[in-house]
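Next come two complexes built around chain A: one with chain B, the other with chain C.
Here is the complex of A and B:
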């Protein structure tokens, strides 16, 4: 199965090479962090979660969104979405891997990571996050692997894989909920301490993840001749639209509560984020860009003419992806720490090395997704189901019929031996059998198309 | 007094191991390979426009060498393992054997290399580097006592219990498992287990162990520390060393002499002649013509060309 990932064109290999380069740069930067410590990052005493945890939060959402495409396939028995689902599951595997790596690079002493399992603290949300994330990664690998295997062997999925599929659906919701609880349970951080955080996370996740999936599916269609189906893309685009609308609505609710109630603990963070404070406002242009892009993309997605146009759809999805990345990353984690608990503003900005490490982790994730996706595409193309084969045959037949209707009047056949002209190949064959004693089956040695 | 027994046992075990493996290698090297019995895993070199599997079906010595590297370091053949579904006549990849095998073998290699630290003084730098990379994980209370967890200790257990589990869980694997298969696995698990117990749970006289190890390699034997787990480990290692040349474990050396892997797949281009075939005596055209004179003349009369050389 894996061999399918090793066959590709120039474009594929240069993309792989580019990702490997990213990973190498990230590794080199991480070796500096390994020796020096987290001091090389822009994080400080005041802002102790930065780019790494921001990306982690965002990617948990991307991972959770695989469930969006898994739901219709298995609950409503809609096998049209199978291809999209498999892509989604591999995207989830890649995203969860990135999540785990982002947490690892955020650890000051990554060598003590085993403590999480050896000394579990059930009252810590981190412990549960560890469990749900690693479990989710495992379920998705198993599900995707067995879907591809059953495709190859043309057998049904085993019952235990089906159990895992049903288990994975609530599990996906749980990973993002638990991640939101990491923040919303903190009394001292006004910005995060809202019950709306988990629903907001889910809404944004269900917009960002499927957006990436749509982009991947359309890239696969363009460059790998792999069509997940117009219907699947359309359905997922609708989900993105609804989720993004809900996400913006939740943001509005949050803003209303904060600015109407004027609760100082909450207000300070949002004021810093949206308008700047004490002359500091590094994040202001970013968050407005995020909101602007989000609204613009939603308008594009709502209108069917732009949503159904592939290029514009990719563009809108990219906008949504960027908008949510800014919103979840820079706009949620960092301002939660600004102003600090003693009401001083200490800003955060990622350093060069920190950015390279983050890019390296993204490189790893994209590499995993590319390789697994390529594998899935190869399997789906090489092992079509009987239904797909029928469809393909019918399509071919239709094409043939169309050709005949168009070209039949223009065709003329001549008998090479005597030069007689016929409008039909059958007539020519009969003539050949009668006059020249050539079997009908092999009449193509004398009957040729004229011209 | 009992210490002398263990020194003797260890020397005998090493002797049997070295001599045994050399004898096996000598026998393999001497064994004739009359014909090319390479088993390729892909399309062989043929016409130019046919895409061929360069390293799965090697043609030159260099390609064969690369194939051997893949076999020895990446277990290419195990990677190709498949499961066949009779009902639908399809097959799909199963990578469990490969996964557990590669986890076990690489861990074992690194663990063996790490053992060099017992037999050398001063310890080479690269062994220390390997050790520090392997021991990247640590657990414990920082202010009291930190324990280094060696990654290979975890992965070798994963590999070994995976391999054992395959033989227990899989019906087909269970059916084809011989007592020797179980013995080898259990012997290795016991050896690894006693080593892990010594490392983490049962403090041994590590200086005594090192003195003993250096004494062994300098042929200046020192009595080993009389410690339950160290002596168990030593005995099990001796048992493995003695068992090695006579068992399937010797595949470590055998893979290099395996004619299905170390020959290029070129029998369509190069002629392989079995050296002990009876000498072939052909006949010349004149003799042939004498034998079938009448028939050949008759053919020639009908206008066909008949003649030698050609």
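Here is the complex of A and C:
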């Protein structure tokens, strides 16, 4: 299967080269962090989680939602959604890999990460998160692999893979719920300690993950001639719309409780985030941009004419993706630490090295997604199902008819010197140059149109 | 047909399994709500702000730094086990705009060795845990540096080694106590090594004004218990429900 990822055009290889460059820069930056310590980041005693954990949180959502969206439809309507499902599976694999990498680069002593398993601590949510994330990565690799191989051997997927597919759906929801519990169970951080956090995570994830999926699907259609189908895209676009609306609604609920109740522990963080505090307000423009983009994108998605226009759809999806990335990263993890536990404002901003490391991790994820996606596209194109074959044959027939009309009756050229016949003027010229030493530029002396 | 013997063996082992897992479950559940133990000691401390000399003294802080080889780092990577902050920062819930000089009162803060420490609850490796006697400990060889405990502590009592701390140590003032490496969390460990030898914590011993009173909260006739019964004391952020064991006596109208 894998060899399918090794064939590709210029565009494909330059994209791969770009990702490799990102990864290399990331690795170089990480080696500095390895030597010096996490001190090279913008984090501090007061803000002790930053860009890495923010990306981790965001990507857990992407991983979870890409699958939940695609799998159920797959179970009910195998062939129509097969392509979208496989893309979703691979997106999930890439996202989970990024999650794990982001946790690893965030650790002060990464070599000790196995202590989590050696000294299992069932009272720590992080322990459970570790388990569900690794399990999730495994399920998705298995499912995607079996969907592809069943395609190659042209058999139905076996019952145990179906069981795993059913299992993967609640599992996907669990990874994001458990990740939300990571934060919402902390009495120290008023901003996170809200029961709404897990639902909000899920809603935003169901908007961001599928948005990325749609973008990927449309790119695949444009550049790889791989069509997941109008219907699949539209279904997913509807889910994105609903999820984003619910997400904004949840945000509204949160804001109401915080600002109406004026509970100080909750109010302080939100005030800093939305309006700034004590003259500090690095995050203020970002969060408003996030909210603004979110609302604008939802308006675009609600209207069927914009939603059904491919270009506008990609644009809206990109906006949603950006909006939620800001919301999860800068808008959730960082302000949870500001003001600090002794009510001082210490701001956070990622350093250059930190950003490079994060980009490097994204590079790894996108590389995995590209390679796996390329592989899937190859398999789907080489092993079409019977329905697709029929469709393709019909299309071909149509094309033939069109061609007949367009191509004019064939011309013939003869070489005056030896009488050889050619269907093409170029061929005749080449022949003249080779055989009779007549320069190509002046081959019209010998090559004449027949009749 | 299964024989009677086989049945008994199977049944018995299944039963044992259930009982075993039940006891494990109980253990796991107990971890969620560390109960106050009646039998052993429970160490606690009173910070008497009416006696504390404030910023001009710093004897306790110096003693702590020397005892535990704490690096002196300026800026956002700073590390402290015990330090001064303004009253309004230590007790935000007990402050209001009209409060005058009191706001500025230098207030000692350190790990509260809470009865219900959220920090130990969240640690994925049990690198920080609570001893029988209530001291919240740190294992610097096990800590993976995930900083989850820092997110969980409502008092900001934990510091992280963002860089190698040894480069900030002019000298190792106490060779008997380990220096830390980069990438681990550290905090006040109530001088467990001294307590186990029957000594007082370094800060308590160093205080020239008797402003720090250390003792066993489970002993009815200890000095600390008597003071807690007679004087009005407050703790930091009681609303967090962690039940801190560092109690504060305020200088009522004296300052």
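In this text, the second predicted complex is superposed on the first by the 387 of 451 C-alpha atoms of A that agree within 3 Å, B and C clash if a C-alpha of one lies under 4 Å from a C-alpha of the other, contacts with A are read in each partner's own complex, and residues count from 1 in each chain.
In this section, contacts are C-beta pairs under 8 Å (C-beta built on N, C-alpha and C of every residue); 3 or more make two chains touch, one makes a residue touch a chain.
All values derive from a computational prediction rather than experimental measurement.
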{"item": "Touching partner for A:112 - first (chain B), second (chain C), both, neither", "value": "both"}
{"item": "Which superposed partner A:441 touches (first chain B, second chain C, both, neither)", "value": "neither"}
{"item": "Chain B versus chain C as contact partner of A:155, first or second or both or neither", "value": "first"}
{"item": "Partner chain(s) touched by A:344 [first = chain B, second = chain C, both, neither]", "value": "second"}
{"item": "Residue contacts with chain A in the superposition, chain B compared against chain C", "value": "C"}
{"item": "Partner chain(s) touched by A:43 [first = chain B, second = chain C, both, neither]", "value": "second"}
{"item": "Chain B and chain C contact sites that coincide on chain A, given as residue numbers", "value": "112-113, 115, 118"}
{"item": "Chain C to chain A touching residues, read off their complex", "value": "28, 31-32, 76-79, 85, 88-90, 92-93, 109, 118, 121-127, 142-148, 150-156, 159-164, 181-185, 239-242"}
{"item": "Residue ranges of chain B in contact with chain A within the complex", "value": "85, 87-88, 90-93, 95, 136-139, 149"}
{"item": "Residues of chain A defined as touching chain C within the complex", "value": "36-39, 41, 43-46, 48-49, 103, 106-110, 112-113, 115-116, 118-119, 121-127, 130, 182-183, 185-189, 264-265, 336-337, 340-344, 346"}
{"item": "Interface residues, chain A side, partner chain B - complex", "value": "1-2, 111-115, 118, 149, 152-155, 383"}
